[in-house]
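Below, subunit A partners subunit B and then partners subunit C, in two separate complexes.
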Partner chain A sequence: MRERVKRVMSDVFGVPAEEIPDDADAETLESWDSLGHMSLMLALEAEFNVSIPSETMLELISMEEITAFLGRGGSTPQS
Partner chain B sequence: MTSITPQEAIRRRTRGLALQRSKNDRALPEAAFAVLSTFNVELLPPLLLDSFERIGRHVHVHVSGFGQISEQMLDPASELYAHRPDCVLLIPAVEDLLAPLFARPAHMTGEAANQLVETQTAALQQSIASLLQNLPEATCYLTVMGSGRAPAEFILSPGASYRGQALVERVLARLRDMGSISARLVIVDWDWHSRAWGSAQFHDDRMWYLARMRLNLPGLAALSDLVGSHYSAFHGLTRKVVVLDLDNTLWGGVVGEAGLSGIDLGEDGIGLAFQDLQRELLNLHDTGVLLTVASKNNAADALEVFDHHAGMILKREHLAAFRINWQDKASSIRELAQELNLGLESFVFLDDNPVEREWIRQGVPEVLVPELPADPVSRPSFFRALSCFQRITLTDADLQRAQSYAITKVRDSLRSSASSLPEFLASLDQEITIEAVHDGSLGRAAQMCQRTNQFNLTTQRYTVTDLEQLAGASGTDVYTLAVKDKFGDSGITGFAVLRTNGETSTIDSLLLSCRVLGRQIEDAFLGVLVSRARERGARYVVGRYVPTSKNQQVAAFYPERGFEPDTQGLFRLDLEREIPPTPAHISVKVKSHA
Partner chain C sequence: MTEVAAHGGAGSPLMALDLHHVGILVADIGSASEAYVRRFGYSIRTSVIHDPTQTAFVQFLALPGSTVLVELVAPDRPDSKLSGALRKGGGLNHMCYAVEDIDDACRHLRAEAMLLIQPPVPAAAFPGRRIAWLIGRDRIPVELVERPLAGQV
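On to the complex of A and B.
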């Protein structure tokens, strides 16, 4: 799944998938700005056929959070 | 247009980003766009790049920060003007223009509401006027963007003033009307076009609340397509000829097998869908698009349908030319292009058979081949949505041209009955009127500069603005030519620019529409230019020929008329020595403005 996410990131951010580290996040990846983030969220929805609620969108700012969210089948954990 | 899924929109965005990085490696013609909107459209640029790539343009897009439409347009020192854009796309959402009304409709009734509408639309119109003045070459695309909701949705009556719907509609109507203020202001009616899909699918609440984006990706992609089709229409990048298949395209079934009475075509059921497609084709015919046929059939069977089937909307007289035989359709299309004297890039091929479509796509790649839906009932709406015949507006000249193509056919049959060409030409009673370009003819003159490829000596693509400047320049004559003969009026079908400097007059532009070729009109036109040069005191007339892939037929135009080859591409005529003879059978009227 991580590879698929990297492929989506590669398309959205315009960087080669190999250059995206396993622990990529919005802090370290230059093109992951607010506009890139919105595009990434929409691209993930399209690729994984999930719907990401607005609050979750604000939280999915690292590879770790994204893969965890997708690993739960796109559902938000109940707190 | 079919609706765009989120997946498709993402793919388009990815392609657009790649195009941005490619730096136009296909070397397409370029255009610089500036986008001004009342909301965040930062996601738009790659989608515009993608839409424009499909119409053969590479665009550079600059988005100015949102919410400063008027400020940017009114301030000559703004970022907008620093970019010197060719095109400015304005996207004012009505919800932003009428923000106080949407915020609290109860506080915005009566006079205050009217005042709001007037102030906002007047301010926008004034800023657009200033934009057009500050960028005298640019085209402005004004998006009419509705709201998808009334200010007070819980009041149901559309006429109730508290609901606010009438005010929203009034603003939209005002925006639509702004098209009349300049030929360089193109109205992009997103409100109307998005209705067909339902505007809700182009909005995403998360994108609004998290990023102030009023359109989601499919919305921005569809808007980009719409702007692209307006751009194509504005620049005349449209097609002129339809090549039609017959069996299962114009009617249901195969006439060679089912016979005249066995084909499906009429007022009922699927037969009506075939008829409706024919109605769409007839509408195009009425506006000057040529209809032709390339069919594998026995000609007698097929023509009998045109002549005798009661359900046919299209008659034989609507066809500019046809090839009904058993040869391959790529050859038929090439022959049609030759017969009509039009380039293959003007052609669109409609055929229900995917194999024939593929054959043409590969064999004659210049021809546009739409993917005609397999189900006949889907075809009328599919055809209506094709952008390849769209134009911004329809002029009297367009309608006249449609008329004149029909007349050309009668004229051609007369040609075969006259015994010699001079006799034939004399029998036409041709009269040409040459006139200095004026406000009423500028549009048509610019249109000809944009569209004429074959009889065009220098292929200068002058715009309305260019022509206005040229017409005002000293020593410069900008002429249009109109042709009449005993069959009717072809309207303005020729154009020339003559620049005189000292003892030399240079023919900077000379072009004629292919409808009037082969009738020595070019000689009469040249004769007028030569006399004008003499009037202006010139001793030499210099003609220029700039070769393109399409204007081979005029390569020898000047040498054949006594001009001596000078330096590269220039030909010189010494007025003290020889003058090309002017044809005696054409009467010439010159109307020159003081």
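On to the complex of A and C.
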């Protein structure tokens, strides 16, 4: 799944997938600004056929959090 | 044709919302403002303002008789928050709405599934007033600014 996420990030951010580290986050990828973040969220929804609630979008700011979310089938854990 | 309400519903902060300015991202404020004045007849409404929070220089222009401004925005340094967007070509950057109650407007827009990416903070370009930033699925960044008093931009 991580490689699939990297391919989406590569398309959205215009960075070669092999240059995206496993611990990529909004701080380390220059193109991951607020507009890039919304573009990434919409691209992930399309690629993985999930719906990401807006409050969850705010939390998915790293590769780790994105893969964890998708690993749960795109559901948000109940607190 | 179904009649569509011109404003938000009763109690909606949209009832008190005005288009304040459109932000245009450029590489150089001086040459861009000169082009807007010459090409479209804009007049310059403010000096170039440094906004350290946005890591940008900004300047406001307006057409004669228009209440809607254009904000030219340029990165203030190579690693500005705006540098990446400028490398992609710049251009239309955001839309800004003036609101009476910015906290209430933020709550309303969050309930409309917009992401609050910057809660209200004091604005360098608008002394004594606060701005906030949101983005929705249309991917147009939206700035909110507290409504200007008479004589303010």
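Here is the rule we use: the second predicted complex is superposed on the first by the 79 of 79 C-alpha atoms of A that agree within 3 Å, B and C clash if a C-alpha of one lies under 4 Å from a C-alpha of the other, contacts with A are read in each partner's own complex, and residues count from 1 in each chain.
The rule is short, and it goes like this: contacts are C-beta pairs under 8 Å (C-beta built on N, C-alpha and C of every residue); 3 or more make two chains touch, one makes a residue touch a chain.
What you see is a predicted model, and the numbers here were worked out from it, not measured in a lab.
In the superposition on chain A, A:42 contacts both subunit B and subunit C.
When both complexes are overlaid on chain A, the residue A:58 reaches subunit B and subunit C alike. Look at A:31: by the touch rule set out above, it reaches subunit C but stays clear of subunit B. Overlap of the subunit B and subunit C contact sets on subunit A: residues 14, 34-35, 38-39, 42, 53-54, 57-58.
Every residue of subunit B that touches subunit A in the complex is listed here, in rising order: 6-7, 9-10, 13-14, 17-18, 21, 42-43, 205-207, 209-211, 213, 216-217.
Within the complex formed with subunit B, the residues of subunit A that make contact are 11-12, 14, 34-35, 38-39, 42-43, 45-47, 52-54, 57-58. By the touch criterion given at the top, residues 81, 83-85, 88, 110, 113-117, 133, 135-137, 139, 141 of subunit C touch subunit A in their complex. Against subunit C, the residues of subunit A that register as touching in their complex are 14, 30-31, 33-39, 42, 53-54, 57-58.
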